[in-house]
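The same chain A turns up in both complexes below, where it pairs with chain B and then with chain C.
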Partner chain A sequence: MSTQFLSPEKIKDTKPPVIGLKGRRIGLRIFATVIMIVYSVVTLFPFYALFIRSFVPTKESSELHLWLPEVQEVSVNQEIGNLAVFYNLDMKAFKIAMGIPETAYIPSRDKLVDVAEKYNLNIADIQQYFEGFYLYNGWNTLFRTSMNSQTFWRALTRTFIVTFFSLLLSIILSIMTGYGLAGLKRKDQMTVYNIYLLQMVIPIMLIILPQYQLFQWIYNLFPQYNVQGSAFRYSAQLIALILINIKGTALSTMIFTSAISGIPKDLEDSAMIDGASRIQYLRQILFPLLKVPIVSLVVIQLPAFYNQFLEPYVYLDPPNSTLLPFIQSAVGQFSTNFQVIYAGVFASVVPLVILYLVFRSYFVEGVMAGAIKG
Partner chain B sequence: MVKKTISRRDFLRVSALAAAGAALASCGPKATEAPAGGEAPATEAPAGGEAPPAEGVVLDIMSLAEYQAPYQEIWNIYAGENPGITANVFAINEDTAAAYEAKVAGGYLAAIELTQEMQIFFDKSNYEMALDLSTLEFDWWDRFTFDAKNAWADLFGLPGPRSLDFMKGQFMAWQYNGDAMKEAGLDPRNDVRSYDDLVKWMDEGKAFVEGSGGKYDAFWKQGWHNWIFGNNYSECFCDFFADGSADRRVACWKGEAKFNAEDSPYRHFFQFYLDAKDKGWIPADMPNLLWENDMEATYISGKSVMMVHGPWVWDKAAAAGSTFEQVGLPATPPVDMDTWKQFALPVNIDNQWFIRAGVDKLPIFPNIQHAWNWFFSPDIIPLRCDAEGRMPLYTLDAPFETKGLQWQSVGKHIGVKGGDFGDATEWDEGLTGLVMASPRKKKGSKGVFDWESNGLNVWFANLYSGKWTVQDCLDEAQKNYDESYEAA
Partner chain C sequence: MEVPANLPTVQPIKPAKPKLSKMQRSRIRSDWAFIAPQFIIFVVLTIVPLFVAIPILFTDKAQFNDPQVNPVGWKNFTAVFTERSVQDDYLPALQKTVIFVLLNYTTIYIFGLSLALLMYEVGFKGGFFTIVYMPLMLSGLATGYAAVMLFAQETGTGNLLLMKAGIIKEQINIYSATGTAFILPLMVGWRYAGYNMAIFLSGLLSIPTETIEASVVDGASYWQRLFRIYFPQMLPSFILATTMCLIGSFSVFDELVALGATYVNPEAKLLSIIFFTYGFQIDRLAMGMTLALETFVPLMLLGILLQRLQRRLQY
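After this line comes the complex of A and B, so read on.
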């Protein structure tokens, strides 16, 4: 095959491109920027819509709102029971705010004016209490009242505790497991490794019940566990949750076994020659070298632990629950307060987003681990 | 400095001793077990009058999620009357029911539970999961206006009852935006007295909405609900016709008549909803419309004019601040008879409130029994009725009528001479075929209308798309009946 060259005449005749190289670069940059803006909008819009929707009460919910709706105020002729049923009005908080004895029973069908009359309250005080009730109902219910004898803040704190200890302990245990299995040189190491991998084929739904029963069996050895609402019972339930989270999983075992296998054995030998104990070797040499796999595991496990629903729902009593079961408790059979659900979902996402933003450089490192060879 | 170490062998030895100790400890009596020997069994603990000691007792009591707050208010009274007791009202919902049952299977026991969200109906396959309520000391059996103590036991031939309810069954009636109806120039409360009137009303209403310039989305916006279609509408919308009567429907469930016969009473239910779609009364995509988000939300926001609904959306619309007047009408004005029937679900004899087996082994069982007795006492019944806007089937010490809006607008006028709907209205509220046939239902079967797994939704989707005819739906019902029930 012969190579054809353009003659100088032809080159002379060739028209220069309408847009030069610089222009094309700028065009490409603009195009990429537009694509990224569109992508960002598409990604962020659901969060925005979720946020706005948390302010949209039932009456306005059949229309699309891109900004906070204009919402009427609560009428003093509203039946108090209905506000409690459909808008999670916290009767206890209402009584405290109005100076009504907490033990007083307020009939469901009493209107706000009836309550004012019965307890000699100023109507203006009641109206002030209910100012913005419909608009901010989701957020007020979430942050200032309780559902299922449980508040958002307590549920969030428990979620943090469970997530933090689950991550911390699972990392420590996984490093130790990986250290024990590294190299997979012996038959017994391979067997243990395969047993860990076997967990990948066992759905969590299948084992959750026997696991729970096992914990019940153990905990029932302690009489304090059967005292409903006791600190022992609640702590034991949270510990059970952490324990099932930190048990060796196929993923963490794979990550650390392979990462530790890649660390030269000579490093350990030199440490030993220099008089280091195994714990010192693990803590001072191995641990710093495992920064990337640790971050990888955190990236994967953090949202999984934080967003756990089934396990906490089964293991924890309603007043002791974590975030997701708490938010789910706003769903009813006949009626659901969607404002609370949307506010709850949005609020539950925020801490995770903040965490990712703060530690994003680590997470990028973790995600990119293994992507570039060199 | 002396360095203390533990050898691997010592460590293994200590671990083995600890494990053996734990195993031995577990062989001892469980903390939750009832005292053995001469002590009185927990079931003989005092029920009514004197409250048992209650220091630090926490009672977990289930409620419907919606009514959790009013029920907590009610239980606060109990806690106030019984110092030391904490009554913790909690709720589950359809989504979390399975997880809740897993939790119970693992040993969690609430003091008092409610069957609704778990869709438990006590029958021969599951009755032992609840305590036999007739064995508890209970002061109020003679207050019930039906045979609450024996109805379930007589039907199933088993010891019971296993659950208890006292409320008149829910009923579905027309519920409309009175202001919009006036704007349309319609007055169904006075003008609709027969099925023909209803047809005229629907046609005029539809025309009004079409000419409203987008002010209204729909006249009658119907959404999908598996339980209500399969368990309530299916009975209710047969009552237009004399041959759709309760006894003819029960005959199908008893095996004395066929669901797919030419004169099947259930033909009216499917035909009515097919006609409603064909005539444009309801949206053609009804099987895809959500009950709460589409149907209820548009009504509450004033974008649709009416629904056929139970008691709760009357309250829900009021609570949402809907300012329009809410008015109602019995669901099925008659076609070929003088009597205007309104179907109501029968009182629940196989579901509602129950105490799970095993609770009687708890040390706090005497407290639970005391609380149960209190929960069904004449002082508390009216509070519960008003919370849910329903009427009791229970003799109270003073006359009582719930202020619930549906009852006030519709229920109280039915079966009353000179009521708002004339003299000839009647309740259709006897035991349904579904309940009467339940002793013969095979475990795990889908039942006639297959609503539990939402199979009925596919029937309607097929019916509305023209893939199925009304006869196909009835054939499927008969097939399901043959598969799901033992021969009568």
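After this line comes the complex of A and C, so read on.
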């Protein structure tokens, strides 16, 4: 019996560890801080390296660069063909800037000095034209590139449009779904809810082929769709993309169903007694109460929509593409110029990262709220 | 609280029932008006495709707008056991995918779980969360290109840095079999670290603090607390993370495209790439659909099972 209770000596014995616990807590804090700092550095490094590499010419890429490289200026003895092949020099722009007739043929083995001599140009002018050529080659080439009458900015705009409408409609439709399902009291509500939950276990690769087939059948009903480059074709493709984005997910349904179920039913009843319709109730009373779940859905879906690649890659014609398929095809074209590739990849990342950093507190809050639902 | 016996017993008003059910019926109707718009889109784009595919599976349909389609019976289904060309594509891809899924699954714990435990012990740090979650802003495509940037032979920044620090002796080659197999899960794990951390952290935060305090008072060591208190109560989080990882990493695609899987790099040809090329590039649509179905239906059933289990544990 006596062993069951702590003897006075034993109580004394337990004291030192209590003090030790304090020391351990400090130790833990230091340990945790070190790990957090190391992990943060490792996590941020790829972003930084990507940025730096967008300024490193392919020629110098086998050296370690942790800061903007000190790149030599273009030598006047550089062959023009080299500049065109490895640095994607825009010959047309070069000729216009130098006052060389556009029809003039410049042999690729000609050096810059030869060109200056031939067309009676000032060497200093050429040097000025090529100032920073190597350093900014990636960015210049990226922003100048036009593939299938498609530029970086157009692709970015299209991405913004698709993302905006997808988010807006997805929120509206998901709230409506959540309101219709709220409570999950009836069998039909439960069935619908369970069907939405299936989304989580249906891999995208399983349905992408038949889904595309389905859209092809629908498109074939409209002869206008088969006119290449028509506005009808392009808008139909973008609508397909938006429909795929707004179709509702397990997460969106869970978030709003549980949020709306948590709002007291009395609120709806009193609104009804005051003569509000269900739509009025939804718009004027429910909507303002749903700020947290809306933020939650936005911060989870925004990166997903902005970074969508497979569906736009499959559904959109190249002249109609969003940002990532554009980057992918541009990258394919410049497969030897790594500077352009990394500039393109970095450029595709920047808009969202800026948004993220500006609204970071919403992201943290929303993700944690969403994860609890999940 | 005895009910007085002399209280007049009120008979339930008979006509009330149909009236209520009428209200209920109108409620159901209006509920469906709210549910229908998204539900129709969902069913048409997610559920219907599964059934649309079925008749195509028994044909030799090559393209989406193939004018001539012949029935071939069960040939597509058995091809993976009999047809050499399909086996040569499918089996190596299956092997690579399974390795990828397993390694990717371990990264959930290496990154997500350990970071969540760290955050839980020292308290929630918003700034650190912001950084850990940041890679999720990267697209899969960018993640793949970041892998190339860091670990391409000769030019990889990560390679050059690790060489200089003396951590590695030989450069890692992202385009080699082992390079792809190990670096890719690491990059994907890094990208999803914040997401998995959020899942595990919310699991940890849902544990009643009484049980933890009790274990501390009883003198349980940290490991005992971990395995006896935390993990059993976090089971729903584990199952959720497992489901997400299983379904997500079997259809990993964007990262592979960045590694050149659709054309030059055979090491990055995982199953998703096989299905994609069969459907969109080499005119074996029906075969691609069948292979996808054969691969994913068992996975889907497993996913449903896990989901059921998770919900049972949660409520």
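Just so it is clear, the second predicted complex is superposed on the first by the 239 of 374 C-alpha atoms of A that agree within 3 Å, B and C clash if a C-alpha of one lies under 4 Å from a C-alpha of the other, contacts with A are read in each partner's own complex, and residues count from 1 in each chain.
The working rule: a contact is a pair of C-beta atoms (placed from the backbone, for glycine too) under 8 Å apart; a residue touches a chain by one contact, two chains touch by 3 or more.
What you are looking at is a predicted structure, and each value in this text was computed from that prediction instead of being measured.
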| item | value |
| --- | --- |
| Partner chain(s) touched by A:K59 [first = chain B, second = chain C, both, neither] | first |
| Touched partner set for A:S329, first chain B, second chain C, both or neither | first |
| Which superposed partner A:Y212 touches (first chain B, second chain C, both, neither) | both |
| Touching partner for A:N220 - first (chain B), second (chain C), both, neither | both |
| Which of chain B and chain C A:Q199 touches, first, second, both or neither | second |
| Residue contacts on chain A - larger count, chain B or chain C | C |
| Which of chain B and chain C A:L310 touches, first, second, both or neither | both |
| Touching partner for A:G275 - first (chain B), second (chain C), both, neither | neither |
| Touched partner set for A:A84, first chain B, second chain C, both or neither | first |
| Set intersection of chain A contacts, chain C complex versus chain B complex | 58, 61-63, 208-209, 212-213, 216, 220, 310, 313-314, 328, 331 |
| Contacting residues of chain A [partner chain C, same complex] | 28-29, 32-33, 35-36, 39-40, 43-44, 46-47, 49-50, 52-53, 58, 61-66, 173-174, 176-177, 179-181, 186, 188-189, 192, 195-214, 216, 220, 243-244, 246-248, 278, 282, 303, 306-307, 309-310, 313-314, 324, 327-328, 331, 338, 341-342, 345, 348-349, 352-353, 356-357, 360-361, 363-364, 367-368, 370-372, 374 |
| Contacting residues of chain C [partner chain A, same complex] | 28, 30-35, 37-39, 41-50, 52-53, 56, 64-65, 115, 118, 121-122, 125-126, 128-142, 145-146, 149-150, 154-155, 157-158, 160-161, 164, 190, 193-195, 198-199, 201-202, 205-206, 240, 243-244, 247-248, 250-251, 253-254, 257-258, 271-272, 275-276, 279-280, 285, 288-289, 292-293, 296-297, 299-300, 303-304, 306-307 |
| Chain B-touching residues of chain A, taken from the complex the two chains share | 57-63, 72, 74-75, 78-79, 81-91, 102-103, 105-109, 134, 147-149, 208-209, 212-213, 215-218, 220-223, 225-229, 310, 313-315, 317-319, 325, 328-336 |
| Chain B residues touching chain A - in the complex, by the definition given at the top | 22, 25-26, 30-32, 56-60, 64-70, 72-74, 76-77, 80, 86, 88-91, 93-96, 99-100, 102-103, 105-108, 116-117, 217, 292-293, 296-298, 300-303, 310, 312-313, 315-316, 318-322, 362-363, 383, 386-387, 402-404 |
